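Labels run A, B, C, D, E and F following the written order; every chain starts at residue 1.
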Amino acid sequence: MFSRLFAPRVTAQAHCDLPCGVYDPAQARIEAESVKATQEKYQANEDAEFRARAIVIKEERAELVKHHLSVLHTDYFKAPHFEAYPGLHDLFNRAGKAASAAKASTDPATGQALLDLIAEIDAIFWETKKA
Amino acid sequence: MFSRLFAPRVTAQAHCDLPCGVYDPAQARIEAESVKATQEKYQANEDAEFRARAIVIKEERAELVKHHLSVLHTDYFKAPHFEAYPGLHDLFNRAGKAASAAKASTDPATGQALLDLIAEIDAIFWETKKA
Amino acid sequence: MFSRLFAPRVTAQAHCDLPCGVYDPAQARIEAESVKATQEKYQANEDAEFRARAIVIKEERAELVKHHLSVLHTDYFKAPHFEAYPGLHDLFNRAGKAASAAKASTDPATGQALLDLIAEIDAIFWETKKA
Amino acid sequence: MFSRLFAPRVTAQAHCDLPCGVYDPAQARIEAESVKATQEKYQANEDAEFRARAIVIKEERAELVKHHLSVLHTDYFKAPHFEAYPGLHDLFNRAGKAASAAKASTDPATGQALLDLIAEIDAIFWETKKA
Amino acid sequence: MFSRLFAPRVTAQAHCDLPCGVYDPAQARIEAESVKATQEKYQANEDAEFRARAIVIKEERAELVKHHLSVLHTDYFKAPHFEAYPGLHDLFNRAGKAASAAKASTDPATGQALLDLIAEIDAIFWETKKA
Amino acid sequence: MFSRLFAPRVTAQAHCDLPCGVYDPAQARIEAESVKATQEKYQANEDAEFRARAIVIKEERAELVKHHLSVLHTDYFKAPHFEAYPGLHDLFNRAGKAASAAKASTDPATGQALLDLIAEIDAIFWETKKA
């Protein structure tokens, strides 16, 4: 991953414009867990109807992951964060693409790859909250 | 609140039908935190445009709280849970009504009342997950 | 079903807070009819594309049923109703679970079971409107 | 209104392509009742927050009216219906515009005008169902 | 197609009520291009998962086409336009039905038929903008 | 703005995974035009109801801008594009923040600032399509 050397010095103002200032990467993570769980159930069940439903549901959940990631990227993180974490834009872009990849696959490894990237974002998020 | 005496004996099967088995009261809680934060910002800002936006946003967030609560109530909790927690139906109903009340009010106390009821649901949820 | 002995004595105030006071179980019923009709057409047509579409559409319709039921349960019915109809919470919970079951099945019997529970709710609804 | 002279001779095939064949103008009517009720409550309550909420809610309800009308117009009614009811396209267009007008107004007369046009559509709908 | 003889004489007022006056048939066209592209990819790929996803996605895109067409029909075009273009109501109805047909089919010819009708609407739209 | 020196050498593969490969910044632009037009109408009309509606509608339109931008950023643009256009991540982030700013303001200058950033994205988009 990329360097976090400058993280402690982030001096972005508190996020205080509406909407509300409440952000939590848990929202993206929970939906991504749902994506991965759906992939696992897809693999464990060969019923055609079940599998069709799994694909419909995974499509929705992965779309929600993308939405929650986009909100964090656009609305929570500010210019000073991106200066302190020079790889942060790229991390979000890879996470978004991982969500699209998990949408397009029933391999739980793609769901796990998405969760791993969200975990990286989560770590940075909480660092910046403490800063 | 109502008795939790029988909680340890809940023997509901693991929830394993699609959609996915991933549930977390954090989804309702985060949106409810957003409702309360929006109410607080409404009180702190007399600008008419800001207040109009706050009402629009709070409407959406409270609706999401209601959705997440309904999913927990309908899909996560099973008959044995309702037997073990005889007040659980009523708790969900009061939480849903509290979400409607917070929609209709800009008093942060209504947002807090909603959060308190979600905390009660959250406690039961995690008891049943351990059971 | 459960007793309706106390129904005539329900003295809940007219529902008059925004949103609007207009409720009608027909909304849930019409969507549930759509669920059942989709199941019937699924059974009558072996084309793979048709069946995939049927599953997508049924998913949406059953979700709308759940939403409309949740609105009735949370917003229309008040504490005095639940006292007068002690099984009402459970009826709504079973109806919501029946909607989830109809989502997960292409058997029209599950759609009919959902319609039967909505009919029970509908009967109580109109009793309370007359009260 | 326009002539219904040819209605009994409509020989459109039963609507039987997915989605499902279940249509009911009650869906548009119930949402339009909500629009009008919201307008009435707006007029009866001068509280600024209440009024802001009423406008948000009316916007949503009127949008749903437009959606339900569009589904009837596009999916339920077929070429033979439009031949039998030469003013039907125009009726739907006026109803859609009435929904937009009710969105843009808090005068309950606009809600009633919308309901009146839906009632005309409803009458034709049930004539064609019997045909 | 129908006559455009009276088009230059359309004297409808500029559309200036909220929402906003910004209309563009490109919105319907882009979604319809997505419908057709999805149909082409469906035909070119026999993987069952891929095809299930294609059907889910096409369903959404075709629904958006219907929504954008309905907005143009209801909100942009006014009575004088319908007088000047006597076939305009029917054109919109055929376009809406073509969107439903493309929803129900994986044949790219149905997507192209939809695009052709949107092109007719687009031509009239821009004529009326110039008028 | 940032350098486009390497644009002609972009060698990203054609975008050909579902969903569909159809992208067009016009989707974001049209919604942003709607945002700005709504701001202009807000300024030109002091009626309280009109202004409340304008805020509701602008909220929705700006949200759609954010969605369309996010799709382009996450799904259309690939690693080679980001290498060729080193400021592209930042441009998308500023455009997303401009959409949030236009949500929070009724000043048409914020709508125009959003449109200007979308125009920059549009220029790069079409360069990469030609490459």
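Following the convention adopted for this analysis, a contact is a pair of C-beta atoms (placed from the backbone, for glycine too) under 8 Å apart; a residue touches a chain by one contact, two chains touch by 3 or more.
In UniProt terms the chains read A, B, C, D, E, F = Putative superoxide dismutase [Ni].
This one's a predicted model, so the numbers in the text were calculated from it and none came from an experiment.
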Both-way neighbours, i.e. chains that touch subunit E and touch subunit A: C, F
Most widely separated chain from subunit D, with each centre as the mean of CA atoms: A
Which of C-D and C-E has more C-beta contact pairs: C-D
Mean-CA-position distance for subunit B and subunit A (Å): 23
Rounded Å distance between subunit A and subunit C, as computed from the means of their C-alpha atoms: 35
For subunit F, residues contacting two or more additional chains: 18, 52-53, 56-57, 104
Chain pairs in mutual contact under the definition given at the outset: A-B, A-C, A-E, A-F, B-C, B-D, B-F, C-D, C-E, D-E, D-F, E-F
Subunit F partner contacts - residues on subunit A that touch it in the complex: 17-18, 66-67, 70, 73-75, 82, 89-90, 93, 96-97, 99-100, 104
List of subunit F residues in touch with subunit D within their complex: 48-49, 52-53, 56-57
Interfacial residue positions of subunit F with respect to subunit B in the complex: 51-52, 55-56, 59, 103-106
Parts of subunit E lying in touch with subunit F, wherever the complex brings them together: 16, 18-22, 24, 26-27, 30, 33-34, 37-38, 41, 50, 53-54, 57, 61
